[in-house]
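Have a look at this one before I ask anything.
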């Protein structure tokens, strides 16, 4: 169960970074939704390594194969299994790391948990696991589109550089996926600098869902905030989540942050589209803190399995900033979460919204 | 299911703010754990309104009654149901609000969700629902203590005032629950000022779990970060969560934020005690953004059910800053989350840790 | 989680037979359903001990208190908690049994599971736990009635005596709850004879749901057959379940047991209203094997905790045949199961049926 | 979620009978268990069509591919995905059936549920879905073997012929999988006769788990009886389940059916190894009613999608009696269910049993 997300739209991923394949089973897709393999592939291509100069050069084609649940390009209402073969897993790169716990990585905690570990990479902790999420997210997007809900996102901070604009259509036009063309160039420079230093840099992702009707989510344990928080913090390398005004609201007063509703719409959106855990009809707005990638070429101190210390430099084909590739994953998780909330609301009310 | 949290240590709350009672059923408590009613009551008293000058003056005794699952002060391994009667629910206070959607509240989203609403208060959206969480958290604490795990917490920011120290034992000695005695006084002043303005102010809570062994949590969908994120963002009025270095890491580099492990311990804790979703043996560290309370006496514009606008001032006995009362709730949710992760690890490995 | 049933209509019971109370939390009741306390009480009265000469004489009033989720006699869409106090738990009766494992009872397996046990009765294994199920079932019935679904049931076999008719309206008119008035008298005689022998006798319950539209249930793991099987076999003292033709079909051929559909209705009902796990519009028909009650006054050999053998006679106020009291429980579990299947179908299709 | 079974050992199947593949994801396998592909293949071969003269002649090699969760022949503790390609799906056979609801099949209920249907076979309702269950069961068996638990089973009734012996080692030596060599021959004759008549015949399967320690299962909703009931009734074509004495106990008295425990073992096993929902250390014993296969060559009346009636004869390669092929599936579901119960008990007690 620890590899599943959702209760009615259940997304279960499988696969190690250096095993034969990664994939996903999506159980709960309503029947009769148009499923275009090309749309799924397009999302996977956005997540794929090697898509630009600022991402990892691991050469995975990431071709998706749909194994079930789709007939004549429409969902059957049954589980949709999708598979992507691992083709460029250079396990040899990892031989030197067999007995060392890489700093910042899950090597140590993973070993303590399972008692054993496939040392040829991050296993399930690898970002490669997110392939299945992105494929599942494409299904969720297709279904949500039938009720007018769409999800966009981008990188809004890299290092100290912050986006000043939210031109979402611009985000896909630059390799950083920044919705501010000018900031994008600065961000790219920061990333290239980090790479030259054999180091990495962090950033912030923003994801927005538009068209979400009021009424999705629940008032207590399954608040939409909580589900989105879990969704985002289940993505590798994320260490923070904000909904709407987030941490910035702490220094403000209630009279400033109470969103005024004029009977038709909200004049501000400090709530990030969610009041009392339930969508209120405004844009659902989430920001995610992405830590600097832990795989760096710079020499670092590390402990060995035998309890000694050593110095390692993690060679290989790593991302100096993973924000651009986290964007499609965060969007997918947003879509998956909303999909689940939508289906719950259908169960509660017995109607489409 | 939307009122339950956890998979092996399942906490299900029930009760409206203005109904007969609030309570909780905890399913999954291992047998043979000492359960002291006084310890549960002590935690409820920390959450109770009216405990100091800076909290709501609603006079709820919040006496807990244990209905099942405990025999001769020990857990039986069966569901533990606990009940707290509502005694000071002044429903009359809310009659004027019957047809108005209070700004910042869940009134509108709640009505859209359910199609109807008990207008005599927040219903399930009320902070009163957290009574059950705190009682459940006391059970989780008791169980975790048997393996040396404890949870502490406090208010580390109110408005612009930040705590400079983390003297957790100091936190319970001041009404703000701030682990920095000096900052506590400034924070109290900020809160009193907000109250005088018939306004409210936000803040930040920090919660720390000590003694968590390496190996709890899962590498993908059930990352300990994700579960804690859901736990914290399911608390009313929270709009952000950070694990360890959180958003602050975004502007740093990997060589700065990779926690170095010397074979025995981590020299830094940017990961907040969780690497790849799995505890690494360091303190588990979470910060939570608490928005300014939405119930304020200051006049605000609001929409009526009929789509008109009006001006309302929410009289009543509200908290100008809810941070001090959120602290025990956030601690409880941390304990509940860890409890669940612990039991999963027992299932996986078949041994106590 | 082990005390919960259902995924969307989640019924969680709590309470030991000799603790302060038994009860239930129902999470997932749609909003706006009329909830009449009298209707709930009526069902509890059907399950109550002491209702006739052939049932246990334990004198429990079993008065239900609704703690949450209902406002002005309508469901709020939030968890409905219901409580029944234990008032006539004569714990003293059990002192002699403290160190003996009663034959047929769960005393031994329970002790092995938990390592400890409240010896003052069956604890959670007691039939008293079903109070919560019956209360939850009354809610499910009320909701199902809004779409024309109703549930009836009765005792169709006691010892060797089988009912030849299914006059369901007759079932409530005799203490055996048998839908065949003539057989009812014979059954009562068999039960009285068993009681005179300080022994007990088994039987078979039949439960029928009418008006279930085609399409509820799922084709694989969550077949409606499977859910009903779990529902029925979760009732104490049940050791068998049949759907439709059940075991009787094994000796027949496919050409005999394939229900012919004429485009409007099924001419036979060997499938028990469920084809491929999904309701087909015919009556949903389930039979349940109820073993002879394990508490008997006749002297039996038994093992003590210390591994010796002894002879015991279980005095007290026990049922010589529990079928009449299992009927309302089985009906409740049928209603709860269908409720869950209905809500899933609403989630899948986004409409009421 | 409707395609998943279990809570801690979660088995999720996917795949349509006439899609590209069928398969399974098993989440919750403990790490370090030896996983031999040959052992998995052996179980699949027992389920495979074409294995003898009395089974369907569909020629599926059913070669399993392990996609994840296994490294150097040991489980990693992560999800194990397994895949079997469909190679001999003769979709053409089904063209004539596109507009007809086959009697006894799920065609009608399925169409009502989903609003659409892949007419090229049973889709998810097909017995082909059980490939994934059998593969998952092989994993469960491997894990259970480490604590001395094993599962055997066989066909104990076909038509009117009942097995008089339970020589389980004999069961695999005859095509009927009957534990009574003499009865096996009679059963085979009954099956061949049904095939000659273009008809089918039902039967009863018995499955036994040996070595289950006392303490697995739960006292209320998750009784081991209930979980096994769901497991068995989720298998296609099953319409009844008995635990231990089952329906046969109804005509007996408590003094006959209370299993006497002498401090070491039970002298009888009417409880089927489960008392109060919890294993008691005796063999866990389940019987399953298997209806006559619904696909028969004999002409039958059937309804068309347009509401008319017609006569059809289902040509193709069908099983005249599916009992022999249900045996490995029922065994797999028993193993999966026990695996889940075992892991829950580990979570509850923090130790291996």
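Some points to look at:
When the chains are written out, they are named A, B, C and D in that same order, and each has its own residue count from 1.
Methods note: a contact is a pair of C-beta atoms (placed from the backbone, for glycine too) under 8 Å apart; a residue touches a chain by one contact, two chains touch by 3 or more.
Computed from a predicted structure; not experimentally measured.
Should one ask which of B-D and B-C has more C-beta pairs in contact, the pair is B-C.
Residues touching across the chain A-chain B interface largely coincide between the two copies, over half of the numbers being common to both. Inter-chain centre distance (chain B to chain C, centres taken as mean C-alpha positions): 38 Å. Chain B has its Cα centroid 26 Å from the Cα centroid of chain A.
Taking the mean of the C-alpha atoms as each chain's centre, chain B and chain D sit 45 Å apart. Multi-chain contact residues of chain C, defined as those touching 2 or more other chains: 1-4, 7-8, 13, 28, 31, 77-78, 113-115, 123-124, 219, 344, 348-349. For chain A in complex with chain B, the touching residues are 1-5, 7, 11, 13, 101, 103-106, 108-110, 112-115, 122-125, 129, 157-160, 194, 197, 199-204, 213-223, 225-234, 236, 238-247, 249-264, 270-272, 274-281, 289-296, 298, 300-304, 307-309, 344-345, 348-349.
Those residues of chain C that touch chain A in the shared complex are 7-8, 28, 30-31, 77-78, 219, 343-344, 346-352. Looking at the complex, you find that chain C touches chain B at residues 1-4, 7-8, 10, 12-16, 19-23, 25, 27-28, 31-32, 65-69, 71, 74, 76-81, 83, 113-118, 123-124.
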